[in-house]
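What follows is a pair of complexes built around chain A, which joins chain B in one and chain C in the other.
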Partner chain A sequence: MDVEARKRSLRYFFAKIVEPLGYKFTPDEELADFLLEQESHLEEAHGSPFCPCQGRTQNHAENMQIVCPCIPFHRDHFDYMKRCWCGLFVHKDVTDADSLSQIPYADFTKARDDARGSGDDR
Partner chain B sequence: MKNVLMYTLSTCPWCRKTKKYFTDHNIPFQFVDYDLQTAEEQEKIELEMKKRGGALSFPWVLIGDDVVVGWNPAKYDELMALSKTK
Partner chain C sequence: MLVEVATIGEIAPGGMKYVRAGEREIVVCNCDGHYYAVDRRCGHMNGPLEMGALDGTIVTCPMHHVQFDVTTGQALNHPVPAHIDEPLPSRWAQSMKHFGMLMQHTNVCNIKTFVVSIDRGAIQVETG
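What follows is the complex of A and B.
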C-alpha cells in the first residue's frame, strides 16, 4: 500500500463528510498526519480506517461506530468537546486546537444531566 | 507513591504523550497496549474499563484508585501531588 497516497485520499474524502457536520481538520498538521497514517495502517489491517484512539471489540456493530469520521455516532459528546476523541477534527469555529481537551464520556453525560437538572421544567 | 497502570493503544498519539509524561516525571508505571493483546486479554481489559465507568477510549490511566480517561496532565499532576502528601 502507498501510505502517502492513502492519506491524501482519506483527507479528501473525510473533508467532504465533516464539513457539513460543522467540523474541519485540526490545524495541528503534525497530529493530523500521524493520525491519518495510523488510520491507513488500521484500514489495511482491519478493513476500515478505525479511530486510532478508541478500542475495537468483538462486536462488529460497536466497531462500526468508531470508523473515521465517527462524529455522527458521538455527536453530542464531540460537540461538547469541540473536537473528536482523537483530535483529527475540531469544530469549524476553533482557532486554538491546543486549548481543547479530551473529556471522558462519563464526565460529559454528568455535565449534561446536571445542566438539565438545573434548568427549567421541560 | 501511588501505583500507576495504564491501558493504551499503540496507534494513539495521546497514549504516547501520557507515557512520556510519566517517564519525564520519573514516575514508574505499567502499561498494556490493548490493541496488541489477544482477544481474550482484550475482553478482560474491556470489562475492567467498562466496569469502572469508561468506554473503550484511550488513554485510560489508573492512579491509585482513581481512573483518568483521556490525556489530562493537570489531573495526573493533581493525583500524583496528592499521593506525595500521604
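What follows is the complex of A and C.
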C-alpha cells in the first residue's frame, strides 16, 4: 500500500468532516504529515485510522470514539483547547498552532465547572 | 478498441455506470464533469465497484470498503474488518473465522484504468 497516496486520501475525507465542525488541518505541515502517516499505519494494522495519541482498549464502542477525526466525540474538550488532542486539527481561526497545548480532561472539566459557578458548590 | 459506453448527461456528477464492453466489465465515473473508466471488479475480492460510493475521485468498494483512486487505479487502503456485536450462531462464527483467515491472505491489487475520450457527446473508452 502506498502510504503517501493513503495520506492524501485521508486528508481529502477528513477535510470534509472537520470543515463543518469549525476545524481545519494544523498549519504545521510537518506535524500533520507525521500524524497522518501514523494513522495510515494504524489503519493498516487495525482497520481504522485511530488517533495516534490515544490508547485503544478492549471495548469496541470506546475505540470507535477515537477514530480520526474524533472531534464529535470530544467536542467540548477540543473546543476548549481550540485543537484536537493530537493537534492534527485546530480551530479555523488559529494561525499559530504552537501556542496551543494539550489540556488534560480533568483540568478542562474543572475549568468548565468553575465557569458555570458550580465549582464552589462542591 | 474504442467503445461507446455512455452519453454526456447520462451519468450524474458523482455517479457511476457499469458497462460491459466485450469481455471487459468497466465502470465509468463522472467526477464533477471529468470522466474516468476503471475495472468494475475491486482489486481485493472482486466486489462490484459501481455499487459502492464515489467521492471526488475516490471509489469505495461496497464489500470491504477498500478505496481506489479512479484516476490512477491505485489502491488506497486495506479492507476494513467487519465488527459484529451480537454473538453469532456457532456455524456462522466458524464460517466468519474461516473467511477472516482467507481475507488476511488476500492482497489488495491496483485496478486497471482505461483511457476515456469524448466525441460529439458520446463517452468512449479504449478497451485495448
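Just so it is clear, the second predicted complex is superposed on the first by the 117 of 122 C-alpha atoms of A that agree within 3 Å, B and C clash if a C-alpha of one lies under 4 Å from a C-alpha of the other, contacts with A are read in each partner's own complex, and residues count from 1 in each chain.
As a convention for this text, a contact is a pair of C-beta atoms (placed from the backbone, for glycine too) under 8 Å apart; a residue touches a chain by one contact, two chains touch by 3 or more.
Note that the coordinates shown come from a computational prediction; the quantities given were computed from them, not determined experimentally.
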Determine, under the contact definition given at the top, whether A:23 touches first (chain B), second (chain C), both, or neither.
neither
Chain B versus chain C as contact partner of A:9, first or second or both or neither:
second
Touch test for A:31: chain B only (first), chain C only (second), both, or neither?
first
Please work out whether A:53 is in contact with chain B alone, chain C alone, both, or neither, and reply first, second, both or neither.
first
Name the contact category of A:89: first (chain B only), second (chain C only), both, or neither.
neither
Looking at A:106, would you say it contacts chain B, chain C, both, or neither? Reply first, second, both or neither.
first
Quick one: classify A:78 as touching chain B (first), chain C (second), both or neither.
neither
Once chain A of both complexes is superposed, is A:42 in touch with chain B (first), chain C (second), both, or neither?
first
In this superposition, which partner touches a larger number of chain A residues, chain B or chain C?
B
Chain B-facing residues of chain A, complex:
31, 34-35, 38, 41-42, 52-58, 85-87, 101-106
Of all residues in chain C, those that touch chain A in their complex:
55-56, 58, 67, 69, 74-81, 83, 85, 108
Give every residue of chain A touching chain C within the complex, in rising order.
1-2, 5-6, 9, 12-13, 40, 43-44, 47-48, 60
Would you pull the chain B residues touching chain A in the complex into a rising list?
9, 11-15, 34-35, 39, 42-43, 46, 53-58, 69-72
